[in-house]
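Chain naming follows the written order as A, B, C, D, E, F, G and H, and within any one chain the residues start at number 1.
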Amino acid sequence: TRRGYPEAIFCQGKTVDQVARIATVLVGQPQVALFTRVREEQVTALLEVLPDAAYDAEARLVAWPPVPPEPTGGPVLVLAAGTSDLPVAREALLTTRYLGRQADLVVDVGVAGLHRILAQVPRLRTAKAIVVAAGMDGALPSVVAGLVAAPVIAVPTSVGYGAAFEGLAALLTMLNACAPGVAVVNIDNGYGAGHLAAQIAAP
Amino acid sequence: TRRGYPEAIFCQGKTVDQVARIATVLVGQPQVALFTRVREEQVTALLEVLPDAAYDAEARLVAWPPVPPEPTGGPVLVLAAGTSDLPVAREALLTTRYLGRQADLVVDVGVAGLHRILAQVPRLRTAKAIVVAAGMDGALPSVVAGLVAAPVIAVPTSVGYGAAFEGLAALLTMLNACAPGVAVVNIDNGYGAGHLAAQIAAP
Amino acid sequence: TRRGYPEAIFCQGKTVDQVARIATVLVGQPQVALFTRVREEQVTALLEVLPDAAYDAEARLVAWPPVPPEPTGGPVLVLAAGTSDLPVAREALLTTRYLGRQADLVVDVGVAGLHRILAQVPRLRTAKAIVVAAGMDGALPSVVAGLVAAPVIAVPTSVGYGAAFEGLAALLTMLNACAPGVAVVNIDNGYGAGHLAAQIAAP
Amino acid sequence: TRRGYPEAIFCQGKTVDQVARIATVLVGQPQVALFTRVREEQVTALLEVLPDAAYDAEARLVAWPPVPPEPTGGPVLVLAAGTSDLPVAREALLTTRYLGRQADLVVDVGVAGLHRILAQVPRLRTAKAIVVAAGMDGALPSVVAGLVAAPVIAVPTSVGYGAAFEGLAALLTMLNACAPGVAVVNIDNGYGAGHLAAQIAAP
Amino acid sequence: TRRGYPEAIFCQGKTVDQVARIATVLVGQPQVALFTRVREEQVTALLEVLPDAAYDAEARLVAWPPVPPEPTGGPVLVLAAGTSDLPVAREALLTTRYLGRQADLVVDVGVAGLHRILAQVPRLRTAKAIVVAAGMDGALPSVVAGLVAAPVIAVPTSVGYGAAFEGLAALLTMLNACAPGVAVVNIDNGYGAGHLAAQIAAP
Amino acid sequence: TRRGYPEAIFCQGKTVDQVARIATVLVGQPQVALFTRVREEQVTALLEVLPDAAYDAEARLVAWPPVPPEPTGGPVLVLAAGTSDLPVAREALLTTRYLGRQADLVVDVGVAGLHRILAQVPRLRTAKAIVVAAGMDGALPSVVAGLVAAPVIAVPTSVGYGAAFEGLAALLTMLNACAPGVAVVNIDNGYGAGHLAAQIAAP
Amino acid sequence: TRRGYPEAIFCQGKTVDQVARIATVLVGQPQVALFTRVREEQVTALLEVLPDAAYDAEARLVAWPPVPPEPTGGPVLVLAAGTSDLPVAREALLTTRYLGRQADLVVDVGVAGLHRILAQVPRLRTAKAIVVAAGMDGALPSVVAGLVAAPVIAVPTSVGYGAAFEGLAALLTMLNACAPGVAVVNIDNGYGAGHLAAQIAAP
Amino acid sequence: TRRGYPEAIFCQGKTVDQVARIATVLVGQPQVALFTRVREEQVTALLEVLPDAAYDAEARLVAWPPVPPEPTGGPVLVLAAGTSDLPVAREALLTTRYLGRQADLVVDVGVAGLHRILAQVPRLRTAKAIVVAAGMDGALPSVVAGLVAAPVIAVPTSVGYGAAFEGLAALLTMLNACAPGVAVVNIDNGYGAGHLAAQIAAP
């Protein structure tokens, strides 16, 4: 564990072999580890070395050991503006849980239908930290930050096309949120968002 | 008049002389003309040639003749997300009026305080076209378009700093609005927004 | 229906399962729905749930129910600068029709051969709203807006290569149209353009 | 107060008059308010209306009432990579204090001389939230986040020239921080960074 | 003379002294020289050294000797889309003349009013090379290239605002011209455009 | 033929069917036509309709009729800075020939080995127009333009990686050529470069 | 050999045939040559012509003759911030060796765990030139340059996602390194970095 | 001194007071210091504290003590492509000298007139390191690196306009130099270039 938090292995640029070798070190160890952005063939190799590891295909995450620790600290809420933002939102959700917080997911609360997010206000106000994943216009974090006192962690997603520029539009929107209290992480960085949420909601 | 609409003279790149010469042609004519993005010294020259022309310093607009025509067609509403968006919003407002529509202005209804825009919903629903000027995150048009059936004309403003990139962030947000019905014009283009509103709300 | 207009389901970032589940809700319902940017495998799943749905391969659109409503409001014209702009133009055309307007398509009227667009002027002047899809230089909307009094909805397409930058060049051209009356939507956003046209030409 | 936090007035795009009018409302009120990015002539007008207001020239901040509240919650640390980052760092520092946290400033701990930041490690580990202001390469947040368990709020500054692109280089560095736990705000947004720190370190 | 063409001195980044020293070398010489992008104080210094030199304030050009050579080769036509493009168009016009071609200027023939450029078609077809200066959407070269057989030299100008991005929008439009036969030069580079025209129309 | 030059059909965004239908019109016609950026399956369809058409795989060009016209006008020279620039250079070469000029190709004369281009100087000086295709730094046109009096048509290629940004680096280099006489076309636009060369070298 | 250094053949844009033909010239020659960025099918062809050539799959490099020369000059150190930077780091390492220097590789010394790079300081100080390959935030060169007196050659890698923008973020970080002594090369240009290191450490 | 090299104080973002306070520490000290990018009013303050300090207005540099150390190591050559690149070239020249190397300056050797740089080849080959400052197309380093065996340090300058984008065009050119052996530093960073040259040419 690094500074009290589990280690994460960024699998995107790694070969199957490199990932498997890292997994081998964990066998029979109590140490928590998250493998992020895993490809199918890496998962196969990982599950050979660590057959009990938990794999979430949507979040592209392998976790070891498979069961998250007993939650401590405050509750975290993860919002996905649309269905297409789910992979990123789920990566945040699971990361937060494996880092030891209680966390829930709310989907399809984009600003095009305000009643959906307004209906969640009481629940939003119970959270110690809120992760908001949104693509296209990325407008949801501005709206949420205006409704709660807790910090909002905004994750731009690459959902969209054309002038969405692979998430750049949403990223800029979030950096310019007209409500204070918005912390931005990299495009599609559900892992980073979940990590920050776990730190902010730490006991 | 071009295709039934008054001519506009874009004064930004013109010398005082060039602008004055254009004004001279209008003397004693019934023809409507708008001088947009006028500089102080151009105004002085214009008012020498056309002493009765109307000048709005905030909108940087000189109009001739000074009184807008009797309004026809549907009502137009112009929204400014914040006080700093007023110059652009006002340019849109006056343009719409000089093109013959009834138009009103609503200020300070940004998405950081949703109750402000929600309080305007009945009024929003009476308009045939809505202009929304917003800078920074540019999130207001997405929200407004989700609340009304009329077209929303979104004008990104250069209000903001850093990653607002002189209005680029707001422009991209608006182009990616997650609600349909958002028509985008150039950054700070209050004139173009007002023109479009007048065309859409034409009788 | 949202604010009087049919709902659209943006299928790009969704799994086959997610799309099929949404379709299931529509079975035996009178509610109009458009599935945009559908992939082949999504279409198969959709047609299993809704065998009578209309599918347009070029526009990548599935519509339910298959027959557009009886048209009301003013006529809409959709222009495609070149043959390669057809998929986007057709998405706009069909969206407009399913939203209840009469709409026609004119192809291959790019500015490199001015006589082609000049030959259409009388027809252009009958429309209440004109959609123009153009890639590469994106110059057609400027020219069309100078010829008519109705609003022009400009859709930049990603047609081209090199410094076309996937439609960015055409997008910027359209935002800077030297004729007023040009409303811009996202690159390749035929759906959004058609929606706006239907709103503007509403009775 | 908005959601428990003082209101801030963004003075950059406002006229002297607009700012003075807002100040007038505060006279004889207990309500806390921060005027950010004030220009010299705005300060003069503000101090006429609120003679006891606190003005910090380096942070370009006017605060009312002048004395910050008694601090609650955890301690906050603000780091400035170099002397040139001081205006932004100080804006963060004062914002945090006026929002009710205890906050300290550490200057000139850039990564070009690692011993300087290494000497601060024990102190860094006492903070509940750390703000890091850095321009040019913006590398300091990555290093700090690797040394502590608390969240790091990274503020890119526009310090530098050429390929620093007015803070863009530092912004990208921070969004790509190779250590987790880095929350990014807009370029030169000391106010937003301080606000987030106060929220995170809230009791 | 370089390869048969006069030398040009790019004065933008030079001190008054450096420019004056270059002029001194020309005294009493038959050698043709153009000083481009001259500032007022450089002109004063130049005219002290070369009192008979020709100075054109709009084109920011000083020429020595003051009278262009007797024209040879084919005629060149320079078009300015709008009045604001005149400085760049005039720099091209004078450069072409000082390089030995016959050249004429046509102003205000932008595509928003097609009849203006259509009225010039017979004249356009007499030219051996056509320079087109246009800002904002930069659409004019596409249209002109579709009307003539001679090469079109397109000069984007920095006229416009917002998403014109200082001439970038016009530059991209021109690089993507949907008609072949468009040669592009740098933004505001009237000198380069005129030089190319003179080369193309050389005897 | 358009304005005296053969028509070109841009095949990139077209279906096999659309291309075949265009070819059918040409059967038994004397009209010259170039099919540019053809894909393998389009070629098969084209050769079924026009079995005698000429196909150049490297240039991705199909020409009909297969034999270029007897050359008129001045000679054209096409330079490729490196072997990887050959597809673009060849597209230019063949276009020039099918438009009726005599044209030759010189390969591998990049500026990293100056002696190679210096050895070609006498030959360079015989051309009426020179096309230069170069990727990466795109420096070759600046050097060539300094050596000859004829116009240089610079085609940036997408050869390179990283900060070559798909040809953007070379494009910018060419637009900023420190020698006058450089005409720039779109990235990888060998067709446009060859067309311009044929126009410039026309009799 | 060019100016005393082996020739390199950039294989990315070349056909298998072109590469094989170049190899044929080397048969039975003492001349050193490096084939960089080779694709699998090019390797097969190369090894047919030069069966003894050395091939490193990770570095995508084929070297001829297979054994590097006896090293002269000072030692070079190549650092890879993370495992994913290995392909680039290895390309630099091998290039340096084939150009005649002694060179070693140190992996996984990113700034997120400072102790790793601090443990290498004595070793770092023995090098005459240090190559640092890093992606994402690209912060490592700034830190290393602050620890040594030798020049640091920084190679940004395309490792990362989202706002890493294919290596652009790391590139900008390195160009803005707050410590002097950082020489930057193109994204993923391990070959160029190794070449520079060999030149700097030449005897 | 940092790692054996003098300290540099980056004065751009500092107040006159901050700079003066730093100077005060140097009084009566043997320590070498360079104040870079000094503004006029900073110079006045510096010379009050250190009356004997050397000030170079063109390079915007103040050095203390005023006389460079006795040179050691190999000779360094600084090239300026044009006169406008002189300020940057001179900052490099002086930095190199104050860091203890012998250094010379060669001006006006841009690639538009190849004979100028070719005439310098013998001199170029005597240098242990060559700094090349160039703006606009930034093509000179590619050419120089092809002529010598020593490393070339390329400094893009912000000389130019339009698509030079304040030095970005030259920066990209240099990063993509088609000759190996080019080390790039930030736009206008003469200080960094001179520092690298001094390190490379160290004894």
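Quick note on the criterion: contacts are C-beta pairs under 8 Å (C-beta built on N, C-alpha and C of every residue); 3 or more make two chains touch, one makes a residue touch a chain.
If you're wondering where the values come from, they're calculated on a predicted model, not measured in any experiment.
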**Asked** Looking at the contacts, which chains touch subunit B and subunit F alike?
**Response** C, E
**Message:** Count the C-beta contact pairs for E-F and for D-G, then tell me which is higher.
**Reply:** D-G
**Message:** Between the options D-G, D-H or E-F, which interface matches A-C on more than half of its contact pairs by residue number?
**Reply:** D-H
**Complete:** Distance in whole angstrom between the CA centres of subunit C and subunit D is 46
**Message:** Using mean CA coordinates as chain centres, what's the gap between subunit C and subunit H in Å?
**Reply:** 56
**Cα-centroid distance, subunit F relative to subunit G, in whole angstrom** = 35
**Prompt:** For subunit C, what residues touch not just one other chain but two or more?
**Reply:** 2, 82, 113, 146-147, 162-164, 168, 171, 175-176, 186-187
**Complete:** In the complex, subunit H touches subunit E at residues 82-85, 113, 135, 159, 161-164
**Contact footprint of subunit F on subunit G as seen in their complex** = 2, 10, 12-14, 18, 37, 156, 158, 166-168, 171, 186-189
**Item:** Footprint of subunit A on subunit D - complex, ascending
**Value:** 2-5, 8, 146-151, 153, 171, 175-176, 180-187, 191-192, 195-196, 199-200, 202
**Asked** Any idea which subunit G residues touch subunit D in the complex?
**Response** 81-82, 110-114, 118, 136-139, 142-143, 145-147, 160, 162-165, 168-170, 172-179
